[in-house]
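Two complexes come next, and they have one chain in common, chain A, joined by chain B in the first and chain C in the second.
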Partner chain A sequence: MPFPNVRLSNRPLHFIYLCDCSGSMAAQGKMQALNQAIRQSLPGMAEVARENPEARVLVRALRFADRAEWHLEQPTPVDHLQWRDLEAGGITAMGEALERLAGVLQSPPMEERALPPVLVLISDGQPTDDFETGLATLMRQPWAQKAVRLAIALGHDADLEVLQQFIGPEPPGGGRSPRRPLQASNATSLAQYIQWASTAVVGAASMPASQVQGATSGGNIPLPDLPPTVLDPTDDVGPLVW
Partner chain B sequence: MTGLLPEGANLRFEGLDQPLQILRALGGGTQGQVYAVDCGGEQLALKWYLPACLARDPQLPRRLRQSIALGAPNGDFLWPLALLEPTAASRPLIRHPKAGFGYLMALRPAGFVGAHQHAGGQLEISLQNVLRACFHLADGFHHLHLKGLCYKDISLGNLFLEPSSGRVLICDNDNVDIDGQGGGSVLGTPGFMAPEVLLKQAKPGASSDLFSLAVLIFRLITRHDPFRGQRELAIRCLDEPARRRLYGEEALFIFDPNDPGNRPHPEEHAAAVVTWPIYPRPLQQLFEQCFGPGLRHPDQRPLTGQWTQQLSRCLDQRQLCPHCGQETFPAPAAPGACWQCGTPLPPPLQLQLAHGRVTAAAGNELHRHHAEPWAPITLDQPLARLVSHPEDPQLLGLQNLSGETWQGELIHGQTIDLAPGKTCNLAALQQLRSDAGPITVLRP
Partner chain C sequence: MTPAWLAPRACSVIGAAHRRQGKPCQDASLSAELSGRNGEALQLLAVADGHGSSRSWLSDRGSALACREAQRAVVEALQRTPLGDTTTWRHLLREGLPATIQARWQAAIADDWRHQPQNADPLEPVTYGCTLGLVLLAPQWWGCTGLGDWDLVAVHRTGEAALISQEESLGARAAAEATASLCLPQAAGLCARRAQLQPLAAHPQLRALVLSTDGVRKSCASDADFLALCSQVIDLDDPQQLEHGLEQITRQGSGDDVSLAIGRRAQPAAGRWPRRAGLALSLGSGTVALATALVAGSRLLQRPAPRPDPVLQQQQALCADPSRIRANLTPRRAQLLQLQRDPTLGQRLLAAPERDPLGALLARSQRSPLRACPPLEQHLATLWRDAGGKMPAAPPRPDERPPAGSRPAAPGSR
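Then we have the complex of A and B:
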């Protein structure tokens, strides 16, 4: 006879992309690179979701340009997710995006019990609306305070200061840290960061990983190491996409 | 995955006569990446560390060398076989400015799946094989501890099991060290760490292994967590500070006999409510001991030998419900009712050996430790197995798995010979004279 058909009860883990779709994203294939990076990351994300019996991984995406609107509004189990391409055009209503995000992080609609949400903000420029008010609205939500907030800066024109404000206080010392904006200067590094956020970070937020002394601390979830900067044979020729 | 090692290439390593061909990437984690490699026609697995790993854990090569020199505790470990550092000529082929290092081990055979799949309810596996897996896990740790070693970081993540047999493989043996040598950097995995390690009051060692082992056995036999009861429901966001309270500062076993303050919720924690009553009291008492007094007093935790003893006894009293066919594990003297359908269980037929008694149910096995007082408890080489007749499942027989012919005495006084591999019908049997001593049929 098989083992009884029961399992550890799980909690939802909300993973939300906030994607800059302003006009500048149309340049040098950045929009296409982001669409590709997210699409390519889904199988790995689905695998992590399957391996974490304690979590129910649900994905959403918010786009912001002239306005902020849901690109994927329904919290979608990652293995059912079909990524529709984002399109670029307009300005950068990042503040409004944070307000929209605040709306879904209040309970309800947030479940009473959940794992820390993972919020990934991706931008190549500067907000054109009231970012401060948007951020303040967001950070009044307890679930936003508990969330793992990551930011990816695309190219060299991204506003690192604004992205750091979204993440929280800058960690002491220098160097790469998941608690600083991740700077993606080409399509390869963008794909690596998206993959890292959607697998390693989802894993850490849903099922605690093995811990070592002196690991990245601060925040309510110990964040995994960033992907190594692997020597890519194409690195020598400079950025491929922009 | 962006590979550190180039697939298809032949890499040479110090001290290794032949090059290793990197066949394919098998997986990656926060520590490094694992590759299938060909070593002179033999396929092995190679774990390659990210250089950041060595910076954080400078003792890693010393521990690996030590483990390689000491050898695997038993066959249940995917143990390091050789430490590898690339030759000067091979270093440029590795896609990282600091080439790093790795170790060779056996490939995980097909059929073994991650224990998290069982915990997640994605696996078809019998209760008998779950208990066997727990036995092999405890037995592996028994041998590891007997060698003076400790593992430090056992969790669902580094255990693999074979659902068809209950065999296990314990992986990621790179934190293994001599117990009491506090050089390593690993602390463990929250949810499995002993409270004193989670609260940073002690370093992981053999006594914290005993706690983690009990958590892992509990998670395997219940598909639930020993500390997730009412107190978990009060937690809105299950993050690190919340886990520290749940598993450390305010830890309370959900079935604590003296404090019902953290009982499982009938719906939210259904797995615990359904599965806990399946198991016999002596096994339940080991958990009560480990997660009660043993929570704060490491010296009061049950030892590996107590787990193997109770798990093997539990397997010995496995009985099938005559109504629904479910596996049950009642005390033969007072079988009670089937945990699944509630049908009263009849007192079972049993087989008496010199040092043990086994309930007669298809699939149960007789072992040397049932016959000899000093034989180690093992499930590896059964003397005999209870089997159903292939055409009439109601007929139960005992199959001789030894290499000797046994003599049987039937209830009417006749005698028979039972050659190796043959099965005799228990309905007619009184006693067997085996090479391990007499096997007597006890009728209720």
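Then we have the complex of A and C:
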């Protein structure tokens, strides 16, 4: 009698970018830097996916400006992903983006056996719509609660408060933490944060350890350390500062 | 007197991801046949799953100690309590055993911690944190208790399988991959929610119980596949097959450590178990519904349904969803080679097709044309060709033109 022949499956890991495409992103090459950073991160992300065959890394992207709409709607295996450039123009419908995101984090379409999704919100400004309602809609979804939520602030005009609300409660103490908005002040630091999210975080989320019921201080999964201190605001941040 | 249960078995296999990362197996499991004061026989199944996070860096030891202390606690209880006293055993499963196990586990991890190089630091129980699931199999009843994300499945004589205990949702606000743990102060109290004692007389259809850690269920594509796995794994006779099968499960599935513990009721005195209506479960949820409907239908009509041909059912199910053909047949290459080498294997498979319908389908395809759908025939022909054999060609259908010229049977040759 052979071993039962049933369908086995690795676990889907949904990685979703939420990209601010408002008009201000056109300034100082921010949009270009974001497209470049995402495109350059894909080989590393694919490599991490290959190293963790127990997870099926699926990428999506949601853009928001005057309206929120899917830029990459189908969950796409990272190996098959060809990044199309985002374009800037309009205002910052971040609240609507969170509502759109909530729609895909319902079960179904989310698979019961999915790994905690990774959500990366990237913005250089302030929401121009009802952010609170959008966030409340999102956080009503259990998969949003269980998600790894990261935020990258581009430049000094980004609204750190709303980005922190998206991430969740601020960790105690000061200093750098992946549970605070990551402040990218130029193309180099943006690229490093995107690279970190798409490789180190994806690796950590691919094989999460069990967590003891009631223990939430460490977030949904233990996050890897941030990249070296080139990202520290006190370090040399490159020629162009946003 | 015929024993109520056959010898139990348990197996834990390190997860593919843990093996790659050089981590230890954080699962532990055991099966034991215990004897009470008056020679009463009680079997024990246990699985434990260490949390494995950086905070729980000794959870591999924690899970092993949990199984060990659970067995010791059950042995003690068995010396004090006759198995016929179901009231006391029900209470033991709800409160007595969990409290004793937790206390013994805490003492055991404290003792283990004293032998760790870092023992100057105070022990935090989460360092050894793990789940624990227990099943007791007595001649007149079975019971379970424990806490965490283990699953317990009952397999019925018909072959149907049902999930009878799983961890309740910890709520929308619970962290991802969160589970109850033996390291929690309220652990003993949490066990009461999972405790139950069921008289066997009330469940004459029960054939087996399958206890597993979460890595098994998370490796299956759906719950229907998980239930199909449980309904069939009880028939494995070779412990090595179980181990190799679990290795395959973690490699192709979640990558997590995987454990199974199986308790099987002894065969009825009259002979073999009734034929398994739910064998087609292996084909996925659609077929589960079909199998269930067939069973329900036969009950409704109050007369025995004609026994379907398991091979034909298997063939029809694969043809109904050709995307499953490759996934189901490719893992059978070894069996195909064995069929080539050992002609008696085909006879055995065809003599009891309900035991392994897919194997019987392969055996039948070796002997005579199947007249299946083209994708299935093509894939079978390819497999036979790769195995160095040849599948008999089906005669042309009445609505088909004869092939031009004489051609050997080959993929797509019809």
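Here, the second predicted complex is superposed on the first by the 211 of 242 C-alpha atoms of A that agree within 3 Å, B and C clash if a C-alpha of one lies under 4 Å from a C-alpha of the other, contacts with A are read in each partner's own complex, and residues count from 1 in each chain.
We take it that a contact is a pair of C-beta atoms (placed from the backbone, for glycine too) under 8 Å apart; a residue touches a chain by one contact, two chains touch by 3 or more.
Everything numeric here is computed off the predicted structure, so don't read it as measured data.
Asker: Does chain B (first) or chain C (second) touch A:69, or do both, or does neither?
Answerer: neither
Asker: Could you tell me if A:116 is touching chain B, chain C, both of them or neither one (first, second, both, neither)?
Answerer: Both: A:116 reaches chain B and chain C.
Asker: Given the touch rule stated above, what does A:209 touch, chain B (first), chain C (second), both, or neither?
Answerer: In the superposition, A:209 contacts both chain B and chain C.
Asker: Report for A:170: first if it touches chain B alone, second if chain C alone, otherwise both or neither.
Answerer: It touches nothing on chain B or chain C.
Asker: Thinking of the overlay built on chain A, is A:130 touched by chain B (first), by chain C (second), by both, or by neither?
Answerer: Neither partner.
Asker: When the two structures are overlaid on chain A, which partner does A:225 contact: first (chain B), second (chain C), both, or neither?
Answerer: After superposition on chain A, A:225 lies in contact with chain B alone.
Asker: With both complexes superposed on chain A, which partner does A:3 reach: first (chain B), second (chain C), both or neither?
Answerer: Both chain B and chain C are touched by A:3.
Asker: After superposition on the shared chain, which partner residues are touched by A:50: those of chain B (first), chain C (second), both, or neither?
Answerer: first
Asker: Where on chain A do the contacts with chain B and the contacts with chain C coincide?
Answerer: 1-9, 11, 52-53, 112-113, 115-116, 142, 146, 207-215, 220-222
Asker: Show me the residue ranges of chain B that touch chain A in the complex, using the header's touch definition.
Answerer: Result: residues 2-4, 30, 50-52, 56-57, 95-97, 114, 116-127, 130, 153, 155, 157, 185-191, 193, 219, 223-225, 228, 233, 235-241, 243, 268-271, 274-275, 278, 320, 324-327, 340 of chain B touch chain A.
Asker: Over in the complex, which chain A residues touch chain C? Could you list them?
Answerer: Chain A reaches chain C through residues 1-11, 52-55, 112-113, 115-116, 140, 142, 145-148, 207-216, 218-222.
Asker: Of all residues in chain A, which touch chain B in the complex?
Answerer: 1-9, 11, 50-53, 112-116, 142-143, 146, 188, 192, 200, 205, 207-215, 220-222, 224-225, 227-228, 230-232
Asker: For the complex, which residues does chain C have touching chain A?
Answerer: My answer: residues 16-17, 21, 49, 51-56, 126, 129, 131, 149, 170, 172-181, 183-184, 214, 218-223, 225-226, 228-229, 231-233, 235-237, 241-242, 244-245, 248-249, 252-256, 282, 284, 324, 327-328, 331-332, 335, 355-356, 358-359.
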